[in-house]
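First comes the structure, then the notes that go with it.
Going in written order, the chains are labelled A, B, C and D, and every chain counts its residues from 1.
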Amino acid sequence: MTQTSVSSVYLASTEGGAGMHSVAASGVFSATWLVIGLPLLGAAVLLLGGRRTNRFGHWLGTLFALGSFAVAAALFAAMLGESGADRSIDQHLWNWVAVGDFQAEIGLHLDQLSMVFVLLITGVGSLIHIYSIGYMEHDENRRRFFAYLNLFLASMLLLVLANNYLLLYVGWEGVGLASYLLIGFWQHKPSAATAAKKAFIMNRVGDFGLAVAIFLMFTAFGTFSFDEVLGGSAAASDGTMTAIGLMLLLAACGKSAQFPLQAWLGDAMEGPTPVSALIHAATMVTAGVYLITRSAEIFNASPDAQLVVTIVGAITVLFGAIVGCAKDDIKKALAASTMSQIGYMILAAGLGPIGYAFAIMHLVTHGFFKAGLFLGAGSVMHGMNDEVDMRRYGGLRKYMPVTFVTFGLGYLAIIGFPLLSGFFSKDKIIEAAFAKGGTTGYVLGSVTLVAAALTAYYMTRVMLMTFFGRERWKEAPVGAPADWHEPHPHESPVSMTLPMIVLAFGSVFAGGLFVLNDAFVNWLTPVTGFSHGELPFSVWVVTGMATAMVALGVAVAYVQYARREVPAVAPQGSLVTVAARKDLYQDSINEGLVMRPGQYLTRLLVWLDGRGIDGFVGGLAAFIGGTSSRVRKVQTGFVRSYALSMFGGTAVVVAATLMARMA
Amino acid sequence: MSEGLQLAVEKIDTPTIEYAELAPMLIVFGVAVAGVLVEAFVPRKARYATHLVLALGGMAAAFAAVVALAGEQEVAAVGAVAVDGPSLFLQGTLLLLGIVSVMLIAERRLEHGGDAFAPQAAAAPGSEAEKEATAANLHQTEVFPLTMFALGGMLLFPASNDLLTMFVALEVMSLPLYLLCGLARRRRMLSQEAALKYFLLGAFSSAFFLFGVAMLYGYSGSLKLDRIAVATGGAMDNDALLLIGMAMVAVGLLFKVGAVPFHSWTPDVYQGAPTPITGFMAAATKVAAFGALLRFFYVAMPGMKWDWRPVMVGVAIVTMIAGAVIAITQTDVKRMLAYSSVAHAGFILTGMLAANEAGASSTLFYLVAYGFVTLGAFAVVTLVRDAGGEATHLSRWAGLGRRSPLLAGVFALFLLAFAGIPLTSGFTGKFAVFQAAADGGAGSLVIVGVLCSAIAAFFYVRVIVLMFFSEPRADGPTVVVPSVLTTAAIALGVAVTVVLGILPQPVLDLADKASLFVH
Amino acid sequence: MNGDFPWLTVMAALPFVGGLVVAALPAGKRVLAKNTALAVTLAELVLAIIVTVKFSPDGDRFQFTESYAWIKSFGVHWSLGVDGIGLVLILLTAALMPILVLASWHDADTPQVSASGEAPSGKAAPRSTHAFFALMLMVEAMVVVSFAATDIFVFYIFFEAMLIPMYFLIGGFGGAQRSYAAVKFLLYNLLGGLVMLAAVVALYVVTANHDLGGTGQGTFDLVRISQAVATGELDMNPTAEKAMFLGFMFAFAIKAPLWPFHTWLPDTMTEATPGVAVLVTAMVDKVGTFAMLRFCLEIFPDASKTFAPVIVTLAVIGIIYGALLAVGQTDIKRLIAYTSISHFGFIIMGIFAMTTQGHSGATLYMINHGFSTAALLLIAGFLISRRGSKTIADFGGVQKVAPVLAGTFLVAGLATLSLPGLAPFVSEFLVLVGTYSRYEAAGLFATVGIILAALYVLVLYQRTMTGPVKAGVEKIRDLNVRELVVVAPLMAVLLVLGVYPKPILDVVNPAVEETMSQVERTDPKPSNPIVPAAQPLAAETHGGSK
Amino acid sequence: MNPANYLFLSALLFTIGAAGVLLRRNAIVVFMCVELMLNATNLAFVTFARMHGNYDGQIIAFFTMVVAAAEVVVGLSIIIAIFRSRRTASVDDANLMKW
């Protein structure tokens, strides 16, 4: 299956050490900075230009995105023309922070891994810009929306192009900011504002991990550039590497909505749908996978950290899948699915060199089909007065055929219908999980299989509830407002359907293209390294099992949602269903464990600050004041008492003088 | 020449008197006596002007004499008077303070053409006689000679080189002050009460002082400070006399400086006395008394340092704390300033306790700084008036900063100087005494000193808050526009406060040079 | 080397004289007073820029030095001179002042809310505007002297004297409780200053005992003392050194403020006008942190090292504590005040971590915090003045009616939470790295602060700016031209220093190295330093492109 | 007779005087007690003069008398003024100013 020798993990990793053999940017590659620069400029122009740019802002934003994509494509072409080590390019822009040993530069690193991301980000990004032109047409703040989208592109590109961890951190938080701005784009809705805040803060918890990881790198190596840290990681102590690895994992959990920092993603669906497609499906949430893959050498040096990564991945795979089965909100269902799919990637990345490439491959295919699905969902909402409850859908295939077809292809891709994108990429991960070997391998493999079934189940459910069955939207909902009127589902304009079509193509063919001659794996191997895992049984067994699980999932869903009427109001359901609907109580747990105690602590401290610290100061002042008002009474106004005090004073002074001599 | 008084010599020589060196005191006493004559012989209408010219001219002449004497280190009048650095420095200071005080005393714009003093002090308050006197627009001018006598005593007090002279100076200084305290035009009951309290307690303390003198005389057989110093050097069994005597003399002097627990007269007297007199007392008496205290301890008791220091440290600490703490809750501005002066007595004691040259010079400097600020502050108090005279209740000062920002600003400056804020004379003085104390090994005093400064800052600041940040009262007091006399007095106070804060070096130099006592 | 022109004295004198002129202008000429003040601050900025340009980072440690005997009896000299640290702080001051003047343009024109909280009645005092701007200029002059003083006595004098104009600024202008706040401010700081006075006196005595000033005198010359400390010529008794250190530190800890000496700050900042609040946190308080770095560490290196763990602990507590309390506030300005307490924790922690990253980071933090807090407070001030309330609950949906105001507020907030790409990030990260490399636990706990920072900033933003437009908010206008002129430079600085802090670091680093060598501290070495063989590669990559 | 006995007498008188100041209410009596203290001191001076064999102490006694006389002048005038306005010579009645 691959020409790469089945050498040891460590050998592979040293051979493919990130950036170890970088060359300075020249020729086409000296334009690397433009990839980031263009969208950044776009954001600046649109934000500073204010209302003056309202009329053409969306075009301008799209243009900058497309320009960035064009540069990326040129870079890709140029990279194809290079070979081996010359594909790893460094572009030093300027010295950023230099204090003692702390030397941070603004520098870019373009290699095969970042190239993949750059293409995905600019490509899907451009499509979603185009889609948004139509989707946001009636929003008075469309210009601002495009500005934020551009800002997001720039940050995300910085994230994947940075040549050191500190600069990566800038991109890392930059995308967080863009995500914050976009989730809360409809700020007048308190729910949106809250969701945005929640996302940012949970991400910050992850950022804490990234920051500490950089501290650890600095104290261990005196540097945090990819070059030096990754190059030196094999030599450092296990403990350090494990610590760095776990901290990076924490960062990844925050950004990629992995357990235990997954709670923000569902709420993030408050943002406009293109945002969900771009940021919360295709690109930003996969940054965690990028981080782990980029730091391959660190994880390779710490099996303990890797194990934790796979555990987190496994938990999230199931978590997302279970939650996805119970959601009636189409976007939340897709969001749960995203969480689960990224769980796959994280799991794969945790497997080490046998999984990195597949993690990235699944990431890319997922980028296509999940973006497509979200855009499809957006298209549905667009035609349905922004209704998101799938129980209020039904039989829409007649009204929006293009949406139906593209969404359907995405659906087939995600459940792993044979020969579509998801089939290849997910299959590889399942294989790799089993190939991990030992009990761990079996457990992880089983998890991925079960999740595949669940994926098939919940996606089929979405599909059926939306496009098939009775047209439930024709009836007024229970407790509908007086001004309720029946929606008139219709197909979306070309600017929206076109990106959906393009993405559908990707969903269908990308996987196949990637596995052809192992093209994708070979492309990435110099960066991530690759070793072929030993499966305990034949590859076909895995494929067979996976396909069977998918079929099972589809069948169950079909029985439940096609053969029976979909109730307008969700039935009570089992305990599991109730729990899944409530996201497995993630919010209650966060609330009980963190928020409430935090609020009590804050209230306690506010009280203490006033009564305790300030109270002490005030008390001291009051004490002196009180002493004063008591002592002043000694001044009775009677001259004889004054004389007494003088007499007493004299006695004391005389006695003290005499005693001072004695002592 | 002191041999001349020895018992062994049968024939008594006529003692030589160094008139030139005693000129400052002689001039002032001469003016005082002349003042009495003026009262007797000059027509009523011309008396005020005559007194004013006489007093100011006399003090100016005396000051000129002091300047001319600068650098002298002599013992004059058969050893009774020391004409040395500290004497001359303090005499110069006293004369300047005296000039300012007389300017305040002579102010006649504030009371509809009247001054701060009772038209007929002998008339009972509220009596027909008083009303008649007021109606007749009577003005008494006996305050001038009284003031000059007091000032003469003050000049002599720190210069006295034996304990008898010191006692006499003490009385000469105090007796006129007792009277002056009782002469207020308004609130005469308070004024008389102040006089009574001051007089009784003053006499009481004089008795202690005198008894102490007796003990020291009994111990050493001499009244001369240097002789006593010599006597303390020899080991004698009869130290009890020495210690008791030293302690009681100190008590007499501490009473005058207003140290706790001998301070109880201060608030009542400061409050009751006519404000110009309060200013005069607060500034000049303190200068004179500290001069005497310095001389007593530095010249007569240097060998007893280890005996008096611990006790005096205790007194200084109690003084600083009590003054600062009690002042916090005062509601009358004059009373507050009185307690403030108590606290400052503690600070000055801190410098004195360094018991070295720096101690003397820092104390001298502090006295100058403090004297002018104090006079200035009381001068401001005379200007804030309502129907009943001066509006001394603090609540009446609310919003003064809005009505007359300039006056309030000036008062704030004085308060800040009291509080020892940098760039005012108060800070320089405080730094000087703390530095001397730390150098002299009295670090604990410095700690207490800074903490008390912080407490003290509270009530100074409180007044500033009241003046600037409170709403003015509708029926609030008015600020009277004074004549050039008070204006000049206040301006001088401001100038000294600022200059000694920013460019203190010349005065510091002067104090440094003046810090050597003649023995 | 810089010629004989007394640049620093002129820089100190200009605002001082300017303040006197403003105060002396005829009553009623409010606009003239404002314009004069603005002109003076701009001229000061020009001077600051000239000095910065003439400063050579590789030159002597202290430049533009001047020294004149002032109070010989105390061995005091009017000695000024700046190193990189002092210079950038002076630059900060000079840069912020015109902005503050402009931001406070109308703050002193209207009568102030009375102490009893009644609505202001009648007209403002005829010279209130004059007084306000004159006092501001006085403060500027004193702050400049404090940053430039190389004589401890001179520093002390201005450190203390600054309280008075500040006191009048706080107490004379602002909210209903302003006089309480002003008194609290003054007494707190005065207490600190007086305790420091005892230490200053003690230091003088110690130097005198070692005859540092010659002829048995002491000295206050920082350079002389720190040399003597370094060479062992001045070997202080450890107990005395510790006591003096604590005396100095007490004053600076109150001024900075360090937990638990912080409670004056929230009251002050809540009651003062926004401009004055900025003056307090952005400049006056910086004198405290600056002085820790300059005086505590240089004069008492051993005591500093002894107490460093304690102070770092307090600083960390301050970081977390300030942040948590900020979360719990219901008043916008009070919230911002607590964020500042948290930030001062970072600065102090960086200083006492005693690493180059910590020191440079702390210095940079002082600058950045100055700008970010200024932005946050001033914009909050604009907002508050429009609504007439500073209660968070009275706001909501401002973004809808005043998008520019909301947008700039968000940027300022993001700077406050140290978003990478904005200036405060660089300094915060440096401080954290610098601390972590010496005190791991402290570094970790402090890093938790970044999460809490996100919480308090975003909660504030969410409650005020987002959601449905609340009653009373709908009339809020967006920023006007004057306000934009105030905000724009702040935004620009926050952005530029975020990606290009080099000019400041270049100036600061040499000074930091001097300090580090004075305390005889070196950075902890990495446990696994990258082998030098990797260096040529890195060099090649760095040098390769431009 | 041992001169020390005079000293004891002097101290006794001084104490009696002081006690009188503290205990008596009438201003005149209080004042007389002060005078008693001064005279007690005089006795001490004279005794010491005798013990030391010089005249200084005796001279002081004269001075003291003069000073005491002056004090009487001032004191009585004040007391009389008070008595006139209040119709009482009790020192306890003069307590308008306190605290």
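Note that in this section a contact is a pair of C-beta atoms (placed from the backbone, for glycine too) under 8 Å apart; a residue touches a chain by one contact, two chains touch by 3 or more.
These are the chains along with the protein names UniProt gives them: B = NADH-quinone oxidoreductase subunit N; C = NADH-quinone oxidoreductase subunit M; D = NADH-quinone oxidoreductase subunit K.
Quick caveat, the model's predicted, so the values are computed rather than measured.
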* **Contacts common to chain C and chain D (chain labels)** => A, B
* Asked: For this structure, which two chains have more C-beta pairs in contact than any other pair?
  -> A-C
* What chain sits nearest the middle when you go by CA atom centres? -> C
* Asked: Counting only C-alpha atoms to place each centre, which chain is farthest from chain D?
  -> A
* How far is the middle of chain A from the middle of chain C, if each middle is the mean of its Cα atoms, in Å? -> 37
* Distance from chain D to chain B - Cα centre to Cα centre, in angstrom -> 25
* Structure fact -> Taking each chain's mean CA coordinate, chain B and chain C are separated, in whole Å, by 44
* Could you put a whole-Å number on the gap between the CA centroids of chain A and chain D? => 96
* Structure fact -> So chain B residues touching two or more other chains come to 196-197, 200, 204, 267-268, 458
* Structure fact -> Residues of chain A that touch at least two other chains are 621, 632, 635, 637, 639, 643
* Structure fact -> In chain D, the residues touching two or more other chains are 18, 21, 30, 91, 94-98
* Asked: Taking all chains into account, which pairs touch?
  -> A-B, A-C, A-D, B-C, B-D
* Within the complex, which stretch of chain B touches chain A? -> 196-197, 200-201, 204-205, 208, 239-240, 243-244, 246-248, 250-251, 255, 260-262, 264-265, 267-268, 306-308, 310-311, 314-315, 322, 325-330, 455, 458
* What residues of chain D sit close enough to touch chain A in their complex? -> 18, 21-23, 25, 30, 91-92, 94-99
* State the interface residues of chain C toward chain B in the complex, per the touch definition above. => 70-74, 114-116, 125, 127, 156-158, 160-161, 163-164, 167-168, 171-172, 178-179, 182-183, 186-187, 190-191, 194-195, 197-198, 201-202, 204-205, 208
* **Residues of chain D that touch chain B when the two form their complex** => 7, 10, 14, 17-18, 21, 27, 30-31, 34, 37-38, 40-41, 44-45, 47-48, 51-57, 59-60, 63-64, 67, 70-71, 74-75, 77-79, 81-82, 84-86, 91, 94-98
* Residues of chain B defined as touching chain C within the complex -> 361, 402, 405, 416, 419-423, 427-428, 430-432, 434-435, 438-439, 443, 446-447, 449-451, 453-454, 457-458, 461-462, 464-465, 468-471, 504-505, 508-509, 512
